[in-house]
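In what follows, chain A forms one complex with chain B and a second complex with chain C.
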Partner chain A sequence: MSDDSPTVPRLLVPLRVGIRSVWRHRSRFLLITLTLIAAFASSFTLSATLSSVQRRIRGDLRGVGLDLINIHPDPDPTRFFAHGLTVSDCERFAGLVSGECAPANVMPTLARTEDATDEIPVLALATTPAWDRVARHELIAGRFFGAGETDACVVDEWVYKRLFPEGATLDPNAPTLDLLVAGEPHRLRVVGVVRDPFRIRQRFEEWDAMGSARSHLVRFMEFKSVYVPRSLIGGGDTILLAVVRAGDGVDPIDGAARIREYLEERGSTAWVWARQEWVDSILDATAFVDVISGFLTFMILAVTALMVATVILIVIRGRFREIAVRRVEGADRRQILLQVVVENAAVAAVSAVVGLALAAGATRWLGDLLGVPVALGRSDVLLVGVFGMLVVIAAGALPARRAAGVDPVEVIRREL
Partner chain B sequence: MSLFRLAVLPGLRAALWSFRRAPLRSLVLLQGVMWATVFGVTPPAILRGSREGALERAAELGTDRVLIRETTAAARLTWEVARELGAVDHEALWSVSAYARRERALFVDSETSEDSGRVVVAGRWFTADELLAARAGASPVCLVSEKTARELRGATTDLVEFAEAIAGGIVVELPGVPEGARVIGVFRFDSRATSAVDSFGYREDHPLREMVEELKTYFGVLDEDIDWLRDDTLVVLPAAVAPVDRPDVVLARARPDRVKDVADELRTRLLRRGVAPTMAVNPVVQILFSEQLRTIEELHVVIFVVCLIVGVLVVTNSMILSILDRRREIAIRRVEGAHVTTIVAQVLAETGVQCLAGALVGIPVALGLAELRASLDPSGALMWTFPATETLQTVVAITVAGILGGLIPAVHAARVDPARVLGSE
Partner chain C sequence: MEQRSTDRANGSGGAAVIELRGVCRVFGQGKASRVEALKGIDLTVERAEFIAVTGPSGSGKSTLLHVLGCLDRPSAGTYRLLGRETSRLSDRRLSALRNRQIGFVFQAFNLLPGESALENVMLPLLYRGVRPSAAREEAMAALESVGLADRIGHRPGELSGGEQQRVAVARALVKKPEILLADEPTGNLDSVNGRAVMDLIDAAHASGVTVVVITHEPSLAERARRVVTLHDGRISGVEP
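This part shows the complex of A and B:
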């Protein structure tokens, strides 16, 4: 059946010729396909990795409790002593936001296992059972200590994994630890373990390189704490920290403003901040990093696209003679153009699918390497897939247009 | 030699001819190889440069420094505790010195002037006795900077005259010291230790300085203003005569690649003593020598290999087209007597030369990007150097991979039938 047969729809002609052409130049197309597969696979993987890491960081930050308000003294030693925070203030804070407040004292210290084989620096956070109701930590084992349990403590997952790497059983045989308070060890039963919201640090903890310079007043946000009853550390009226949960219908940012106003009236220099504000500020401050990584992704995609485009351009230039022969056989310019576009689209589609499969494997490997689940999101697939297909089609169409426009007689004579 | 004449030289000629004949194709090949080189050279240039810089320019960049201070009201970080830290047995710990400032006086407990970046240019530093205990009834001893000495003795005074004047006895008046302090030496700051970095090693004049400060605030980092440690108007006195029982800051110096270990050890010691310290350590140096950086290095190798594979595919594509274009030329060469192996060798040599050229172009681009990355970073500790070994490895890997990629085109060239090609004309 000839190309001009009326029984064959006109659009199918370029497709059939294109497939035939691909088969005829299979080794050359195989190389282009391999190049495209490598380009698609790397671009899918890169895009998925960057977006997954960003998602994880944002997710971790949101896991700290966005509806909470923190109140503590100004870490600057010159203003520290003017905070004047007391337990009764905590009750007042709760009233101001129609919620609940948990008072606490904090002290950096050391925690040891019973046999003193392991010793790690921790933050001792002395509070009341109200902390559990206010902070609403997710406990991965056990429970929060109750009223009157003076020998019990709850630890963050980070602390637990370092002190009990073997995974001791919490209940009914709760493990114990020794907490150093004013140089003296205090033995405490570990009755609960709080899930670590910062999952990203499982592999990149050392990257919090300024952590040692952090004020102990804000270290409770590191989630490397041992929660102990207030009676153990500074059980008096003065407190160093209050965490408030705003009541239903009260915006934590508005609630923080009310508490700030109250403290200013009292002449207190204490800091009040809604965790939501803090997370937003960090994300805003790191937006620059997002811009840089976005620019990097774009640059890599652009360079890949340039490379792919020029390779296709070269291949099309190498097929001028074949295109000229097709013209002599009767194909018009539009059919030539359509044939090349169909060829390239088919090659790009096959490459994208194989590249996607390879990227799925690569992202799993990268996830294990980085300690972050790297997943190919729909946006990654769409962005890279559509952008890549368009680049390949455009890269093929431009030289094909030129090739279709060349005088076939001239081309064939020159080739001979 | 014959291989060079038979294959490499014609390969070089062919590469140049190919560039002239098909510049676009050659540029594609060059840029593909160039990016692979960039991925092979830039990361080690930055890593090695920064690691070497951290070790060799430690005093200037503060990469050997652990600044310790107590931020609670407990006031347990005393001169005695600071001296205990100095006695910690850690192979990477160089020195521990403590400082307190009151008005024009800087009190130190260090046995050498170098601990605080000072060099004694006339007279002497304090003896151990002078540092540990004040002598009853005697005037305290002190050192002054060259600037202060000139203010005392006249602007034209030279070091010999200073030494003579010290021997004759010079007394500096200080608030709170009714009898004044007797000058025993003159110091100047070690020029190597001069730098414009803060306690974390961030450059004071960097355009991203504001962002760094913002992040420090959000992460609750307490910055220590240590500019007064380098104030040449302060008179240096031994800690024994200090009117305060605790220093404002303790400065430990340690081998930069182990500075984090040392900081951890000192922190544990202090916590055992009930001191809650905050410690400023250069953040970049901690990451540079961290175990977790290996993950990134592994990733870099993978990216380089992927680039290499893509580069090889580009080379193969490009060379196949080149061979198709040059079938007539190859046929004529065969007719002239060239052996199949000579043709294959020439194709491989041409590929090798083109890859080598791309790699050589990639080296300055890679170093330029390293410079750009280092200058964009607000930390003074991020630098670059020419990584000779890694560059050589990259160039060799790319050239060899390129030659391997040229095997398919070489087989194409070897299959050219002169009779058929020339006969069709």
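This part shows the complex of A and C:
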């Protein structure tokens, strides 16, 4: 044997030769590269879009007030009027959870501008200033009405924009609106504008697609349009609903159970639910998005892997002579196998990088289209990138084994 | 007569580079498809010897060369290369032997069409683990030695047949091999280019390389010190 000692470790030779081979014969790998770029770009985009929407939904839901407990009538018409909720119950609820309770009545009605140029159906929520402290809606402008203010109201962002399109600056000081109560118009000063609770209505209005899927109860509970003083509708002891904020250290789910127990003892049919429970159930339900995202990404990459494996096999068949020559000149089977694996990995890496760049543009475009900020997260990049690379390398394993199994003698004989 | 041929085929008793004992190579299984390409070959080749293997088509010449080049394994018998029994060597060891000790020149040149002359010659050095810069230098020197210094960037398709075979010779010699195996090296060349290639092989032999040439051209065989004739898988004659 020669005394020459290798200066490059034997197993690094395929790495060097493989990368060089991809560069020198890039046209040979063009079809595979384009296929992989398309697969990586679509996988990155899909993953980023679905996870961004998911993140957005989760973020929105966290903003609904996880320490709140809702109490309202059973929507079943036969039980609706047996709720028996009163203002004194509301005070009791506050005591049960060491927190605060805001009572309310709800009345569907019409709101119109002072000059009666526009009129829209709204839900008037008659409550007390405690509502502001309990529900903690985000005020875009102005303030909530205070105790003794009987001619003031607060509207939500959507109503404000509908009724005062010219006042899109959301300056609530000047405008007034007329609210029909028992057929009589009541002129109210708009003293504040609250943000549409977690912006869901606005989004559903735009998309509409999920509107029909949403529970009417949720629509009813979450999308009050105009907040007015209870005195406007008489202010008797009976209330329709209450919102309770659990005190510090009180688990709202436990608090809801206590209130439920109390109402059952009273024979009330009212429903009690902690928003935490509601959010948890929605998050559980939306977990399928992760499954769908993962499944679709897997399918895209798996189908691509099959295509790539087929193409690589065809390419390898066309390279038998080259492989035979390499074997004759001293490459062992493992080096040939590793060389093909390295070639596939190099092509996959380049495709992943180009696919990522394309996906960055595509997600921006999709974000504009959907009205949701869509961004490629680190987890999307890592998951799709690493998984995609592994899938492509696995897809290249069979062709690589085929290449390593080439019998140089057989090929040389055939060539002659 | 056959015994005498065998005795002569076993050389003069110097340092043996190649020792074949009772080597058989059988292809296929079953009576119908079974082909005995080599039938009990005994052959010894001494260091720095130049032998030619001749014989009619189908006599087993190329099969013998493949066995000698560790590209194929005997079905029976033993093959000692540089004193080492090859039948027990792994694919990796055999590949290393081909890479370091054996230079190949084929009738069809067997160059990589997508690579330049320089890259073709660098190939065995890269698989040996030589750094590309050093491999490049050695390959350029090898190409210069075969008169192709000005053609290093050309791909095989841009070279004449003679030039391609000279590249193949350079690729074989850049390994600084112990043995040079040539299978009909002038088979695809005209007489002028054929002579030039044989001159290169002669020069390699003169520098101490053991040369085994498979040929059916008498003019080539005349250059060898010993001519082994195969017939039907057996050595039928050895000259002188």
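The criterion applied here is as follows: the second predicted complex is superposed on the first by the 338 of 416 C-alpha atoms of A that agree within 3 Å, B and C clash if a C-alpha of one lies under 4 Å from a C-alpha of the other, contacts with A are read in each partner's own complex, and residues count from 1 in each chain.
Methods note: contacts are C-beta pairs under 8 Å (C-beta built on N, C-alpha and C of every residue); 3 or more make two chains touch, one makes a residue touch a chain.
The model shown is predicted, which means the values in this text are computed figures rather than measured ones.
**Q** Looking at the overlay, what does A:R24 touch: chain B (first), chain C (second), both, or neither?
**A** A:R24 contacts chain C only, not chain B.
**Q** Figure out whether A:S42 sits in contact with chain B (first) or chain C (second), or with both, or with neither.
**A** In the superposition, A:S42 touches chain B alone.
**Q** Classify the contacts of A:R16 with the two partner chains as first (chain B alone), second (chain C alone), both, or neither.
**A** A:R16 sits against chain C, while chain B stays out of touch.
**Q** For A:L383 in the superposed arrangement: first (chain B), second (chain C), both or neither?
**A** A:L383: touches no partner chain.
**Q** With the two structures laid over each other on chain A, which partner does A:A257 touch: chain B (first), chain C (second), both, or neither?
**A** neither
**Q** Contact-wise, after the overlay, does A:L50 reach chain B, chain C, both or neither (first, second, both, neither)?
**A** Neither chain B nor chain C is touched by A:L50.
**Q** Mind working out whether A:V406 is in touch with chain B, chain C, both or neither, as first, second, both or neither?
**A** neither
**Q** One more residue to check, A:T109. First (chain B), second (chain C), both or neither?
**A** Only chain B; A:T109 stays clear of chain C.
**Q** Which partner reaches more residues of chain A, chain B or chain C?
**A** B
**Q** Is A:V87 touching anything from chain B or chain C once the two structures are fitted on A? First, second, both or neither.
**A** Touch status of A:V87: no partner.
**Q** Which residues form the common part of the chain A surface touched by chain B and by chain C?
**A** Common interface on chain A, chain B vs chain C: 416.
**Q** Can you name the residues of chain B that touch chain A in the complex?
**A** Against chain A, the touching part of chain B is residues 24-25, 27-28, 31-32, 35, 71-73, 200, 211, 214-216, 218-224, 260, 263, 267-268, 271-274, 276-281, 283-284, 286-287, 290-292, 295, 298-299, 306, 309-310, 313-314, 316-318, 320-321, 324-325, 408, 424-425.
**Q** Can you list the chain A residues touching chain C in their complex?
**A** These residues of chain A touch chain C: 1-2, 4, 6-10, 12-13, 16-17, 24-25, 321-322, 324-335, 408-409, 412-413, 415-416.
**Q** Where on chain A is chain B touching in the complex?
**A** 27-28, 31-32, 34-35, 38-39, 41-42, 75-77, 80-81, 107-110, 119, 121, 180, 182-183, 203-207, 209-210, 212-219, 221, 278, 281-282, 285-286, 288, 303-304, 306-307, 310-311, 313-315, 317-318, 366, 369-370, 416
**Q** Quick one: which bits of chain C touch chain A in the complex? Just the residue numbers, please.
**A** The contact residues of chain C facing chain A are 62, 66, 69, 71-72, 82, 91-92, 94-101, 104, 106-108, 110-115, 123-124, 126-132, 134, 171, 176.
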